[in-house]
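Here chain A shows up in two complexes: once beside chain B, once beside chain C.
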Partner chain A sequence: MQQWIILFRKEIQENIRNFKWMWVPLVFILLAAMEPVTTYYMPTILKAAGGLPEGAVFEMPMPNPAEAIMMSLAQLSSLGVLVIALISMGTIAGERKSGVSELILVKPVSYFNYITAKWASYILLLLTSLLLALLASWYYVTLFFGSLTITHILGAFLFYGLWLSLIVTISIFYNAWISSQGAIAAATIGTVILISTVTSVFGTKLSWSPANISGHIHEMLITNAVPSALYGAAGLTILCIICLLIGTIFIFQTKYASRKSE
Partner chain B sequence: MAIFNDINWAAIAPLLVIQGLLILIALIDWLKGKSTNGPRSMWLIFIIFLSMIGPILYFVIGRRQE
Partner chain C sequence: MTILQVNQLTKIYNGHTAVHPLDFSFEANRCIALLGPNGAGKTTTLRMLAGLLAPTSGTIQFTGLNGGTDRRQWIGYLPQYPVFYDWMTGKEFLMHCGQLAFLSKAEADIRSEDLLKRMRLETARNKRISGYSGGMKQRLGIAQAIIHKPKLLLLDEPVSSLDPIGRREILTLLESLKKEMAILFSTHILTDAEEVSDELLLLDRGRLIEAGSMKKLRGKYQTTKIELAFQNDVAHYQEKLQNLPGILEVQINRDMLHVDATDISVARTVILQAAAKENWPLTSFVINRTSLEDMFVKVVDQHATMDHSIS
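Entry: the complex of A and B
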């Protein structure tokens, strides 16, 4: 445990030093909060940009609060995933290349601690960013579109956080496996797109798919109750995360052991 | 310009501050750092003119980890 905390602290310090703890929360806040603002001001922007004929009546339906929050989540689902892939693509692969991982693993450090400390530090960073982003989005949604309770926001945070955690885990998994950082980012994004596409094609049959979490969150915001499929999807996501972590440690161990014997 | 009166600037201000902060952090690091991946002056242009994408690209690709 002592060892794990030291490794975890090293990861956090490193991510503070390379500014990830500054820019990732800021970018998440911008991504999430821009959506409600631009939606609200779209008619104004269009009017100012001109091009509408004189007297044209232009009605733009305003989303309800739940829809507005979902817009922010959709933004995080696309650009947020890209950010996650970019910040985590070098976490093991980069250390391997620069020889830092050798330096650490030459000491009696368990592979389990090495991998999970990295994983936990990224989860902490992303969940903090997600919470700040949702609070910012909540502020603008309340200002422009109507109120949502804090319970709604915390519920969305908890369940959406699971989906983001799964993406981090996928990236760490590829990190243990592939050595090129670009390939890791591409594989992570590709996998997320694959999961989302398969889910949207077989949507009704795969209601427990992790990619369905945001759909279920939308339902939760409207009906004020957690749909049972959301619990199912959350459970399946946690299971996937655990399996992927075990797989990551296993692959890393085999790769590292084979390198040592060379 | 009517658009300047239609927009609630007090509400938008925090977003502008965050955007400015992002550029500022990237700029300070750009000033302190000695070398970047690719030409240094190119990154200055990216950071300042590509609003949100510029600083992100700088932190992910441009910054040289020592």
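Entry: the complex of A and C
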């Protein structure tokens, strides 16, 4: 356990010194807060920019608070995935390529600790960013479109956090497997797109798919109750995360020696 | 006391055998040099011992280590080109490594400070590693390898990338480390091997072709030569020497004559007598042992021809 904490602390320290702890939350906040703001001011912006014919009647329906929050989450789903893939693509592969992992793994470091400490540090960074982003979005949504309770926001955070955690786990999984960082980012994004596409094609049959989490969150925000399918999707996502982590450790282990004394 | 026993250690990469079945053992507090030309399998062997590479077959056994215990606790390793977390300071990196090897924070702190002093890095202890010079990185590399007081220190070409001063420093350091742990280091520079090691393991194309103390190897492979230099043209004397009794071969090497003889002391008398009688204009008369390089080439060559005759 002490070793796990040492490794975890190193990851946090590294991501503070390379400013990931600064820019990732900022990007997330910007992505999430921009949506309600631009939606609200769109008519004003269009008017100011001109180009509309004289006397044109321009009506834009204002979204309800739940829809507005969902727009923020949609932004995070597309650009946020890109950010996750980019920040985590080198966490293992980069260390292996540079050779620094040789110095670390020749110490009696357990592979489980090495992988899960990295995983946990990125989960912490992204969940913190997500929470800040949702709070920022919540502020503007309440300001422009009407109120939502904090319970709604925390619920959305909890379930959407699972989806982001799955994406981090996918990236860590590819990290143990592939050595090129570009390929890791591409594979991560590709996998997420694949899951989302398959889910949207067979949406009704795959209501427990992790990619359906945001859809279920929408339902939750409207109905004020957690739909059972959301529990299902959350459970399946957690299962996927655990399986992927086990797979990651297994793959990583086979790449290194049997370190036991025979 | 034997601390490590290596049995039939083999590594095969996609059908190419990088290390043929290798057997050797280690005594505590011995310094062994792993010698061999590039591509001989030195790094592969070290990485397998360090637990960074799974052997295709064979066993590596530490005396006194129970089955199932992690042998990395007893091993320190420095790769040929050590890379660190550049964003850490030297002190931070040592602390990190020490604690990963289960030192407590206080122990790691004492040990780090001690090693920083010993490696003459105390003024750079709070400097980011990205600003370290090559020699400083090499010293930090050794410090991280021995922070947990391993029983066996593995060094991959520890001095080949250093300038003469850095080289000397590391060799002196190895000399003093020998008192604390067994050392295995690879090199292709023979004089380094001769300076600090008690034993040599000679590797060529993945095979252990010779092993033993320096003295034993010298006795086996070293021959003695007489080197002569003259004021005038040496070619004139080549034939004269050839006709003297007991002389095997006379070769011209630039402006010197190299004389091979069955018995050097007899040859010396014969040559000096002839020189006195005919008043040869000798400028130099040297009895030379073959250099280590010659010996090395000879062993590798012999092995290669043997190989050839088998296939």
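Here is the rule we use: the second predicted complex is superposed on the first by the 257 of 262 C-alpha atoms of A that agree within 3 Å, B and C clash if a C-alpha of one lies under 4 Å from a C-alpha of the other, contacts with A are read in each partner's own complex, and residues count from 1 in each chain.
We adopt the following convention: a residue touches a chain if its C-beta (ideal position, glycine included) is under 8 Å from a C-beta of that chain, and two chains touch if they have at least 3 such contacts.
The structure displayed is predicted, hence computed values, not measured ones.
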(request) Using the touch definition from the top, say if A:W4 reaches chain B (first), chain C (second), both or neither. (result) neither
(request) Mind working out whether A:W177 is in touch with chain B, chain C, both or neither, as first, second, both or neither? (result) neither
(request) Determine, under the contact definition given at the top, whether A:M22 touches first (chain B), second (chain C), both, or neither. (result) first
(request) Applying the touch criterion given at the start, work out whether A:K107 contacts chain B, chain C, both or neither, answering first, second, both or neither. (result) second
(message) Between chain B and chain C, whom does A:K47 touch in the aligned arrangement: first, second, both, or neither?
(response) first
(request) Identify the partner contact of A:A33: answer first if only chain B is touched, second if only chain C is, both if each is, neither if none is. (result) first
(message) Under the stated touch criterion, which partner chain does A:I87 make contact with: chain B (first), chain C (second), both, or neither?
(response) first
(request) Name the residues of chain A shared by its contacts with chain B and its contacts with chain C. (result) 18, 98
(request) Enumerate the contact residues on chain A facing chain B in the complex. (result) 18-20, 22-23, 26-27, 29-30, 33-34, 37, 41, 44-45, 47-48, 83, 86-87, 94, 98, 136, 140, 143
(message) Give the list of chain C residues in touch with chain A in this complex.
(response) 48, 50-55, 59-62, 65-73, 75-77, 79, 81-85, 87, 96-97, 99-102, 141, 144, 148
(message) Taking the touch rule as given, give the residues of chain B at its contact with chain A in the complex, in rising order.
(response) 1-3, 6-7, 11-12, 14-15, 18-19, 21-22, 25-26, 29, 52, 55-56, 59-60, 63, 65
(request) Would you mind writing out the residues of chain A in touch with chain C in their complex? (result) 2-3, 6-7, 10, 14, 17-18, 98-100, 102-109, 256-262
